[in-house]
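Encoded as structure tokens, here's the structure I'll be asking about.
Letters are used for the chains, namely A, B, C and D, taken in the order the chains are written, and counting of residues starts over at 1 for each.
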Amino acid sequence: MHIFRERRLQTFLQNYQNRARLLIACPDQLGIVAAVTSFLYEQGANIVESSQYSTDPQGGTFFLRIEFDCPDMTAKKAEMEKEFAKIAETFEMKWRLSLHNDLKKMAIFVSKEEHCLLELLWEWEAGELLADIAFVISNHEHMRESVEALGIPYYYIPVTKEGKDEAERKQIALLKEHKVDTIVLARYMQILSPAFVAEFPFQIINIHHSFLPAFIGARPYEQAYRRGVKLIGATSHYVTDDLDEGPIIEQDVARVDHRYHPEDLKRVGRIIEKTVLARALKWHLEDRVIIHENKTIVFS
Amino acid sequence: MHIFRERRLQTFLQNYQNRARLLIACPDQLGIVAAVTSFLYEQGANIVESSQYSTDPQGGTFFLRIEFDCPDMTAKKAEMEKEFAKIAETFEMKWRLSLHNDLKKMAIFVSKEEHCLLELLWEWEAGELLADIAFVISNHEHMRESVEALGIPYYYIPVTKEGKDEAERKQIALLKEHKVDTIVLARYMQILSPAFVAEFPFQIINIHHSFLPAFIGARPYEQAYRRGVKLIGATSHYVTDDLDEGPIIEQDVARVDHRYHPEDLKRVGRIIEKTVLARALKWHLEDRVIIHENKTIVFS
Amino acid sequence: MHIFRERRLQTFLQNYQNRARLLIACPDQLGIVAAVTSFLYEQGANIVESSQYSTDPQGGTFFLRIEFDCPDMTAKKAEMEKEFAKIAETFEMKWRLSLHNDLKKMAIFVSKEEHCLLELLWEWEAGELLADIAFVISNHEHMRESVEALGIPYYYIPVTKEGKDEAERKQIALLKEHKVDTIVLARYMQILSPAFVAEFPFQIINIHHSFLPAFIGARPYEQAYRRGVKLIGATSHYVTDDLDEGPIIEQDVARVDHRYHPEDLKRVGRIIEKTVLARALKWHLEDRVIIHENKTIVFS
Amino acid sequence: MHIFRERRLQTFLQNYQNRARLLIACPDQLGIVAAVTSFLYEQGANIVESSQYSTDPQGGTFFLRIEFDCPDMTAKKAEMEKEFAKIAETFEMKWRLSLHNDLKKMAIFVSKEEHCLLELLWEWEAGELLADIAFVISNHEHMRESVEALGIPYYYIPVTKEGKDEAERKQIALLKEHKVDTIVLARYMQILSPAFVAEFPFQIINIHHSFLPAFIGARPYEQAYRRGVKLIGATSHYVTDDLDEGPIIEQDVARVDHRYHPEDLKRVGRIIEKTVLARALKWHLEDRVIIHENKTIVFS
């Protein structure tokens, strides 16, 4: 399958070597779009996608995401940034210009449950998950075979109560060394310390196996069973210090009924979990997710 | 439309005058189904639908709902009950035999928001909601016209902090007088007192405008907006003393995104609320909902 | 309810008296967005929503919908249009500028089944359907009461094989007289003649009671029953000469199973039909639907 | 993972060694359920699940599926069948008694697209797909590695226009040799000959990448793109001589819009295809699917 994947990926990236994304956040006022689009026009860029949102046309925050094609984009990037900085200053913009083909550096954390990891690996193989997977970290050994078979390094880092700090030190070292900017908790059942989270602000994506804010915390399927809900769900969100309280990226649900015991809820839940996580991650990798006041703006 | 409705309803009930339902709950053990179905066979009954559920084959509770046709059912009912009592005794059954055409006596409570009431009235008009609507009670006047136009009595009972007990006394009097056995809170925004609830155990169906247990209590759409959920929902449940904690009958959700302000969430929510309530109510009216340990078994 | 509705509507329109929409379609090329947004900026307009789509960045068609607020919009409109015409010319634009509060003139056609009509009337009452309902036309009398109760004229125009042309002449006369620009077929079971359709190109919205292109033509629920599908659907589309082949605006489905007879499919289908039609109509009324090569671009 | 899987599976099967299923189809008449359940009672069986359906209480066909636990079930089976044959005769029953742990013998056919195969393999690994996978057949080589890694034989049987009969002969030989009773076409893009289909009546399950009966035949996503549908779907059905016309087991859909090109529809479709196929297959493996007049009754 590897050669397969590589070939697919290469042809794919070929088509997008002149594609770039401009993300902007600034106080809402007149003329922002005009200024930005005029700039891109002068640069010879062709806008292929544009999304905007304002928290409040009167003095709110304005968000803009523009995807465009521009000849010799890679060569031009530095110059373009220098030029755009002037506009950015007048509008007090927070902004970022990134190339479509600068793939994010991703690490996947997993524990016993493998369905989310396998889904991500499959989509990655299929060339649908545009990321550079640096490695997989697990506090269990059992997935090594499947991961290494794809040529992805697998680090087994067991986590014990006492050894937790030590384990996190190892993890952080690996993440820094490989310049990882996106960490996916694919059913990683260890709670990360505030120190760890602080190292990667809004770079850690988790899949919680409930429709948040329902059933926060441990064993959500057991909670759902006890409450007798008729739908179960999954939620993918950025990890913050408040457990399960980070900005929600995506959610979905599936129908269940009184015949479902916790084991059945888990079985059905796995399908939702992996689908929701894959969807949220895709948007994150394409810079479609903007965080604002503990909520996400998703330009899907 | 009235004549329309009456005609539809009559022809409909005609077809079901020999249809009855037997509901049973008892300790699980061998031979229950055999005993019940043999009895029905001897009675000349033809089983058209049968649903069963056991909380645990080893010493759990067994639930059975059988719908059957039997010649001269109406005439036979009393005798049949007398006969079945013997079987019921041997298996320690809680049970109920009811005629399909013995419609439940229903009262609808509503406040300002009319969408749920209108949905129920429309389905009732269309002959799809098989109930006998005794009257509508509201703490507002504005729906009188639409309700009375359908020949349904409308009682305006304002509720003030001080006057609450008095209002509930009036409501209970009306409900008792009309022998109401099913009370629907179709977006009735007054919290019923424990005394009121105790008068109608598991006979009060509410529609809560959130995907419970998320956003319990007041202003759920504002709560959902603040949390930034990507799906909003509605939950229909039986009313108990614990606010929004009663057995859930049905739930559903709809997709939203960052552009939805609370007003938009409410707009989308109305569609879910009325659909979910109508679905839950239909099951209740057809004796398809069984309550067990604050959960529902729905033989839909 | 009327006074209610009027009050709601007035306050609502108040808030949007300076809101306008600019719709554009033109050959894709560099600089379109820059030119348009710069123009709006010079006019002192604040863009509150912007959606764009290109069938193909290389020589395809580009579509743009911008919603903006501008001081004294109503007074300014004519002048603004005169100014914009110059830009439009350079880019060979097809375009339209419309005021948010210039409500569309709508007529609703209905036959025996009333659920879609009632849904639209309710949403209109609730101030959610921003249209000016000129009248309802039906080939049956039974909905007169409910419609006239809302102060909406009701025209009973029976349709017989021989009398069809005559009936359509009457209908067209009424539609022209009231300057109707949006015709909703809310389960109107008469097939309109090509001549009629030609009079109102892409101004007629129909709800078809199946998931098109499955089950084109008559009695779709019977067709669905025979095929044994596990989901049934509804499709709202613009009416063209090809029966059920017009551009699709919106679709949705609901789950069914082997126990559903055609009557049950119809019952479930009604909920989907009215929801889908209401959603499609809302987008149409807000100029969010653009037709291109027998497909729709929906800027929802 | 293997040991993992084996362990899970063994413990699982342990719990069900006394679990059996009785499937019955016969002309509807009084007393069927009574007779069957009385028989099971005498055998000391405890009914844990019972589903029934009648095409028409007056002279239709009656279907019954009962799942029960019985001490020493395996030892008892032959005797029980001999006994039940008498009842079966009086009611003219077509019937089958099977042990929960007699897993079906399954073969998976696949072509280029691997997502459905991978989903099935994963669920099988996870011990959720209770079948005995005899082998995988493909007209391509690229999945050999992944399949053999799980200890499952992989047969590469290329199919050319001229060599088709020869290829099918090889396939049939393998299927017969391994006594395969369930063939899954997991996106196998070769059309099977009537001769092949005749060899395995209602034992071949296919996943069609459209919401049948919409977009029958080749390239459904391209068809869907041209028609401009707002939902795409997938359909799992039994294979008959009429292409894509066999009894439907399960269907589902996902929302799309005008921005989706055929490639995007395919990407979204893959998720639905694999989910729908897995769901349908699970029901088939648990004997929950009954075929009647080219439709399925699914006792899910």
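Following the convention adopted for this analysis, contacts are C-beta pairs under 8 Å (C-beta built on N, C-alpha and C of every residue); 3 or more make two chains touch, one makes a residue touch a chain.
All values reported here derive from a predicted model rather than from experimental measurement.
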Intersection of the contact lists for subunit A and subunit D: B, C
Longest centre-to-centre distance from subunit C, chain (CA-based): D
Selected pair, greater C-beta contact count between B-C and B-D: B-D
Whole-Å gap between the CA centroids of subunit A and subunit B: 43
Chain centre separation (subunit B, subunit C; CA means) in Å: 36
Interface hub residues of subunit A, defined as touching at least two other chains: none
Residues of subunit D defined as touching subunit B within the complex: 28, 30-31, 33-34, 37-38, 40-41, 44-50, 52, 54, 57, 69
Residues on subunit B engaged by subunit A in the complex (per definition of touch): 53, 211-215, 227-231, 233, 247-253, 257-259, 294-298, 300
Contact footprint of subunit D on subunit A as seen in their complex: 1, 4, 114-115, 118, 122, 126, 128, 142-143, 145-146, 149, 267, 270-271, 275
